[in-house]
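Sharing a structure below in structure tokens format, with a few things to ask.
Going in written order, the chains are labelled A, B, C, D, E and F, and every chain counts its residues from 1.
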Amino acid sequence: MMAYGEIKLFAGSGCPTLAQRIADYINVSLSEWDILRFPNENLFVRLHGSVRGQDVYIIHSHDRPVHRNIMEMLIAIDCLKRDSAGRITVVVPYMAYSQSDKKDQPRIPITARLLANMIEVAGADRWMTIDLHSGQIQGFYNIPGDSLTAFHILVEYFMAKNLDAVVVTPDLGFAKRGRNYAAELGFPLAFVEKRRIGNEAGRQALTLIGSVEDKDVIIVDDLIDTAGSIEQAVNVVKSQGAKSVYISCTHLILSDPATERLRNLPIKEIVATDTLPLPEHKMLPNMTILSVDTLLGEVILRSHEGRSVGELFNE
Amino acid sequence: MMAYGEIKLFAGSGCPTLAQRIADYINVSLSEWDILRFPNENLFVRLHGSVRGQDVYIIHSHDRPVHRNIMEMLIAIDCLKRDSAGRITVVVPYMAYSQSDKKDQPRIPITARLLANMIEVAGADRWMTIDLHSGQIQGFYNIPGDSLTAFHILVEYFMAKNLDAVVVTPDLGFAKRGRNYAAELGFPLAFVEKRRIGNEAGRQALTLIGSVEDKDVIIVDDLIDTAGSIEQAVNVVKSQGAKSVYISCTHLILSDPATERLRNLPIKEIVATDTLPLPEHKMLPNMTILSVDTLLGEVILRSHEGRSVGELFNE
Amino acid sequence: MMAYGEIKLFAGSGCPTLAQRIADYINVSLSEWDILRFPNENLFVRLHGSVRGQDVYIIHSHDRPVHRNIMEMLIAIDCLKRDSAGRITVVVPYMAYSQSDKKDQPRIPITARLLANMIEVAGADRWMTIDLHSGQIQGFYNIPGDSLTAFHILVEYFMAKNLDAVVVTPDLGFAKRGRNYAAELGFPLAFVEKRRIGNEAGRQALTLIGSVEDKDVIIVDDLIDTAGSIEQAVNVVKSQGAKSVYISCTHLILSDPATERLRNLPIKEIVATDTLPLPEHKMLPNMTILSVDTLLGEVILRSHEGRSVGELFNE
Amino acid sequence: MMAYGEIKLFAGSGCPTLAQRIADYINVSLSEWDILRFPNENLFVRLHGSVRGQDVYIIHSHDRPVHRNIMEMLIAIDCLKRDSAGRITVVVPYMAYSQSDKKDQPRIPITARLLANMIEVAGADRWMTIDLHSGQIQGFYNIPGDSLTAFHILVEYFMAKNLDAVVVTPDLGFAKRGRNYAAELGFPLAFVEKRRIGNEAGRQALTLIGSVEDKDVIIVDDLIDTAGSIEQAVNVVKSQGAKSVYISCTHLILSDPATERLRNLPIKEIVATDTLPLPEHKMLPNMTILSVDTLLGEVILRSHEGRSVGELFNE
Amino acid sequence: MMAYGEIKLFAGSGCPTLAQRIADYINVSLSEWDILRFPNENLFVRLHGSVRGQDVYIIHSHDRPVHRNIMEMLIAIDCLKRDSAGRITVVVPYMAYSQSDKKDQPRIPITARLLANMIEVAGADRWMTIDLHSGQIQGFYNIPGDSLTAFHILVEYFMAKNLDAVVVTPDLGFAKRGRNYAAELGFPLAFVEKRRIGNEAGRQALTLIGSVEDKDVIIVDDLIDTAGSIEQAVNVVKSQGAKSVYISCTHLILSDPATERLRNLPIKEIVATDTLPLPEHKMLPNMTILSVDTLLGEVILRSHEGRSVGELFNE
Amino acid sequence: MMAYGEIKLFAGSGCPTLAQRIADYINVSLSEWDILRFPNENLFVRLHGSVRGQDVYIIHSHDRPVHRNIMEMLIAIDCLKRDSAGRITVVVPYMAYSQSDKKDQPRIPITARLLANMIEVAGADRWMTIDLHSGQIQGFYNIPGDSLTAFHILVEYFMAKNLDAVVVTPDLGFAKRGRNYAAELGFPLAFVEKRRIGNEAGRQALTLIGSVEDKDVIIVDDLIDTAGSIEQAVNVVKSQGAKSVYISCTHLILSDPATERLRNLPIKEIVATDTLPLPEHKMLPNMTILSVDTLLGEVILRSHEGRSVGELFNE
């Protein structure tokens, strides 16, 4: 049963290699389109063939330049909608602005909700993403979506290592998800707590709550941006007697000076995924990149065929 | 400047006493209406006077019976809208369903978003609430709102006690907010971590991460429902040598058997607020109830007059 | 042709027996889900299997407790929508609040419209119900629906009795539909007219317009709530010489003191349907309950297969 | 307090004389605009002055040609919205299509709801009308409105006559409102019941339920269209011994052959209002036209000033 | 693959003959419905059979009376939506009000956008039309549509004539599209420029920019309304030595006095299409009417089957 | 009358100098906010003071980087909306994507409509811009707006020169607006017509329609992007004997290689406005920049005070 027409995959500029791997998994060719950038920076999308009545997936991560990629995604949705696509799903392995998800001070925006509104008003019918900064962002959407996680991929990788480790979160906001890693791996848990000192911006006191002495440490987080928190966490656990340090995360944003920081830290291995393309000059020898291609490919396939996605995770 | 007409406060069935205290603070009379319950359970709202062009506030907590109170709120909004109110703000000191804020397993609803949709479609222009279970719920609304907190009220109360305490959260989901309490009070922080044992429902291993030995303990959370987590946390900190135990929270839901549990636990003081009415038989001798009347009254006033709410908190 | 995927029936808490009868008629199993009620009264819905792309029907009457059942219906819709159901139809044999359908005095709500808005915003694609208090409520919905009637079921039952009767409506608001009963059965028509006496609430003068002397009387209405109007009507027709009295209605709300009233009245037979479950203690010996299972089952089937529903009634 | 700017009245083509009378009552000049009709029938509206931030009322009945007048109303709303009016209220003394308010057979539209949608999507903030065919049409609107009635005007007129009358409704759909007339005037009530005979279109049996012998009769209805029902009702009450016959209604549609029919019937007086302009050739000697100018003028004024409309009717 | 059910064509009152020709091309029967006009001018639509789940097309040009036809279209959409049609496409060969597409002076409406809003709110899923006055009107719709053109039909006809011509546009607003005609036919291009003289309404100076001396002239425009511009253009090109004059346009509105004007002008041939029915008394001997039946039929077919429409034009 | 609270101007990053000039004209200070750019490129907006109930204007041109600036605008709207601004107007002197206003080939987007949707869904109440590429884009908005023009500013400047000129448009799409310039200045009109030669991309034949011999030429357009069309037009009019060449336009986009091209062309003067900031290295000696500060300042003021904007242009 193919209620939404044939499956069509389009690769946005945000993760072309991953898109091709997903297409290979599903065993279809990527559909062709032009994505033009005019001298005045305006973008233009033109499909090579019609998508009337088809079941269309745009695979497009919010890689740099972030705003051009967001706009490219929205223009692509508009284009597909106006060509009478049967159903449009945006597949965004890494979704930008998911840290702007609440007003924790007055007079600021909630940009993750704005983004959800924009995706809906452009004409998407569904969305798919991996490891949102907070699960509540799902509720910013009125249209259905699949909020996936690389948790199982990452856990399975560490399982195979047979470590005697402690799971550490560099931030208390990740404490509950850190617990899930620790519980699944059967390790104890510890946290880095930060407090501002005085009123000076940037001065912080760091405390490790829990113990890591003579243990391997796996620092877990959803993403590495400037690697500032990671740097602090590595230093803290090292100073508390950690034997070795691993990092596990889903999204490698790697804003400057992340690469320099990571290069200089005593980290045994950084394990992450390919939700964002990794430029060669940011690739470090101790990095292991696990692909989300099978995960996304299988979910797209099940979505297309109307089969359960939850079953994929034995849920 | 009174751009939205005169201020009008209506008291819903969810927190009549608090509503009266707010009216007293603002120095206006509560507006009159009938809220009828027909034998077939249907509700009916009838305003005694016109609200054409006025700036209307419905003060109504989601007390028991929860669904009747939710429906009363929505019907009241519809009624005020159809009487051409100038602006309608729902003031919900305790908002139900705020724990249903994400899909943490497949094939479940996000009821907090549904509730936001219902409030918007009924015709509210703004909302106001205290200590949502997660701040992200703000983003479930497209209309503006004031997401307030009793944090300053509770912290100030404990400040005056001059304790030598550790702040403990009974759940890792509250870890980051627990840190805010600890930092503001200048105390160390510890957490209760729970893990499921085996596949049997309900069997859990509890660990205290951090140390409480010979210290006073303040267990902080957003609400007490059945007091199951509180009971576990009190037992854990006591077994780890805590000197005395205080509880601090905003909302006292107190579902059975909360009152029995709390009565039997070695708790020195339970400090909470009046976002929900406390029936006499649930009032315990060690409970201290701080009122949010001034907080809500002042925010309503500033909202009405177009003055900053953030300034109220020196923000 | 199954444009909307496979048919899936879910039974809400409002009419489980009727839902099972409909499933039997259609010859499918009811789909499984959990409807949990937490100690804080909050509801939680969890589907056992995926409904991606399927044609889903929620069968759920607005039985007592009315507001919990309304909320259950809305949460179920949200849950099914977020699981990417292909099409969602709410089947509500008895729809609450359908008497709140207009402002017949100033400063009141129109709750039936509010309910329609809530059903739409939750994500339903279609609705189905039986004998709305007024046909105009259909227009409260922008989404298509099937507004069905038990008229043919009830008329057919009385046809078989070969009475020499007068059809009487206990309220002038039902006059036109009373005419339809009378015309279809070939009987004359009469009405009970009520007028308030003076300004005292509740004092009413009753007049029978038309004649019932020495006749069987069939009092027809859409529902019996407290049975106050029915009591008045029975007394009036009896005092005007009616030989025997039958009652015909669709929905048995039976709010207190309906059962006591009905038990004490000289009624030969009360004929109604199973749009609402009838608790055993409200079942009277003179009640005949006709099932709407075939009606709803057939309409669901035709809706699923894209066949005409009107044809079912030779229209 | 003038929260919505200054009051501005615009007269549409549907009832220019009534609009002028309302302006006189309120003591403002009608605002000027051009309403052009191009040779291709397209309409064009152009305001002479700006309405930025003003409180605008379009007074415009759905007189013949009905569809041009509906479109004129919608174009006027769009024009005022795009000129940044502060608030737009459409005042439609007679609202067309209010008889198409439900699906009483399959596969038909609900045009009154469509009209409500059109008024909302064009940009109106509020609506005002007189004697809708059914009160439920209020619920077709999500925006607030004033659903007024000429009931008090008509009743007061008949009060002054000191008749000894029976109130008769020519249709059972008007039975309940007929009761209101009878109760207010202190007269008994009777109804004309119609039934189709056989399957031939148009053949009907008429019955008078209730008695009119030797009485004056006031036939009450919301409107007179072709006067077919009125003709039937007059003939029935005359044949049952009525002494004299009055007609009372709000809207004089007077579609052919209404004028001929009315001219030939033994009617003492036809009492109606000026919600629609009455062309001279349709004016009969026995017609009394009461104006709704004060009613609409007063409600517009109270709406503008944010005062209660209900109070106007001691409600 | 027939994702939207079976194809169903309905013929509105605006172009019944063209609708029949399209049905013949597609080889289906027109679906039956009643379009009734009541004495009070109100319209009523009733489908003879169900359209549940079907792929429905309403073929209906905005012929005179324009507003009745617009309303008929909208009521038909509402009717089909409420009968649960699977997908509704309005096919409007000539779309009224497409000249009201911007505010080129203050305080006027944009009626073409209003019309788009009305079509969407009534419930249409898609639209189809031919030669909009400006292409931007496509952007007034959020729903997808097919904005077609008779350009290829008209160009092909002139190609076959082997003229030695100049293409002339009677208005600078059509200059760019005139260039397309000229380029496709391989002819030079010229324009009639109009300027107002002084402040007197209607006094204009006409200039021909470019040369037509001793050439055949093809005056191209999207439509002929009163033929005023055409008259001016013919006179100008004649006075500048044009050998012969042809007119090419899509829509023949022919408002008075167009027919008289055209009859009296020295025009060799007027070539147009049947997007609007041509009444016999407006048919002139020098008119050639080309049908858009194949164009619309083929696009409807491709739309139904989910095939590319662009390919139809080698795009 | 200040129905929308006090006026508040915010300067976006797109045109800070112009924003300051507008604030000077209106005689208010710019309101303060932070616009932060995080290392991961995400933007963050934080208001220094509350805007509750105020009449807020964001002045922000779509300068480079275009997409970051579009996103900044949308985030700013969301931020102001969530702080309960009374009314939000986005003032965008140059609006990006206004050339993507229709589908002139299949399977492409209409990005200007998408942008309108995004502005509306973010929460803007009104918009203001200058010289849209096509006037129809106004109709892409459902919210009211002021579509202004620099026409009067530019014409007045050329008036003062006392030239004996011909107005030339470099593109037929600008023909009608070119006519307006010519008519206002009292000059004749000519056009550059382009046709593709063969199927090779880029090969074009240029024709001048009209005559420029021995005349000054004013080439008019809405904007200069890469200056490709301008280069062609200058070359054509020079080769046809133009005495001198002026350029008049509103928006100076100046994408590479515009500056090089313009520097090398025999242009006497380039007259444009400051809707976009002009970087020093793009400033040429023959450029004259006229400011739109008074125009925007005056319109903002009139909008705030509810006075006519049309009157500003004697309309």
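In this section, a residue touches a chain if its C-beta (ideal position, glycine included) is under 8 Å from a C-beta of that chain, and two chains touch if they have at least 3 such contacts.
Everything numeric here is computed off the predicted structure, so don't read it as measured data.
Trainee: When every step has to jump to a touching chain, what is the lowest number of steps that links chain A to chain C?
Mentor: 1
Trainee: Which chains lie in contact with each of chain A and chain E?
Mentor: In this structure, the chains that contact chain E and also chain A are C, F.
Trainee: What chain is the most remote from chain C, judged by the mean position of CA atoms in each chain?
Mentor: Chain F.
Trainee: Quick check on chain B against chain C: do more than half of the interface residue numbers occur in both copies, making it same, or fewer, making it different?
Mentor: The interface is built from the same residue numbers on each side, given that over half of them are used by both copies.
Trainee: If you match contact pairs by residue number, which of B-C, A-E or A-F shares over half of them with A-C?
Mentor: A-E
Trainee: With centres defined by CA atoms only, which chain is the most remote from chain E?
Mentor: B
Trainee: Using the average of all C-alpha atoms in each chain as its centre, how far is it in Å between chain E and chain F?
Mentor: Taking the mean C-alpha position of each chain, the two centres sit 32 Å apart.
Trainee: I'd like to verify one number: the distance from the centre of chain B to the centre of chain E, where each centre is the average of its C-alpha atoms, in whole angstrom.
Mentor: Comparing mean C-alpha positions, chain E is 61 Å from chain B.
Trainee: Could you state the distance in Å from the CA-based centre of chain C to that of chain E?
Mentor: So the centroids are 50 Å from each other.
Trainee: Multi-chain contacts only, two chains or more: what residues does chain C have there?
Mentor: Only 3-4, 49-50, 82-83, 103, 105-107, 110, 113, 117, 142, 308-310 qualify.
Trainee: All pairs of touching chains, please: list them by chain label.
Mentor: Final set of chain pairs in contact is A-B, A-C, A-E, A-F, B-C, B-D, B-F, C-D, C-E, D-E, D-F, E-F.
Trainee: Quick one: which bits of chain D touch chain C in the complex? Just the residue numbers, please.
Mentor: 101-107, 110, 112-113, 117, 134-140, 142, 147, 171-173, 175-176, 178-179, 182-183, 188-191, 193-196, 207, 209-210, 308-310, 313, 315
Trainee: Name, in rising order, each residue of chain E that touches chain A in their complex.
Mentor: Residues 1, 3-4, 126, 142, 144-145, 302-303, 306-311 of chain E touch chain A in their complex.
Trainee: Report the residues of chain D in contact with chain F in the complex, numbered from low to high.
Mentor: Touch residues, chain D against chain F: 2-5, 49-50, 52-54, 81-84, 86, 123.
Trainee: Using the touch rule from the top, collect the residues of chain E that touch chain D in their complex.
Mentor: Residues of chain E touching chain D: 38-51, 64-68, 70-71, 74-76, 78-79, 82-83, 96-97, 99-100, 103, 105-111, 113-114, 117-118, 120-122, 225-226, 253, 255-256.
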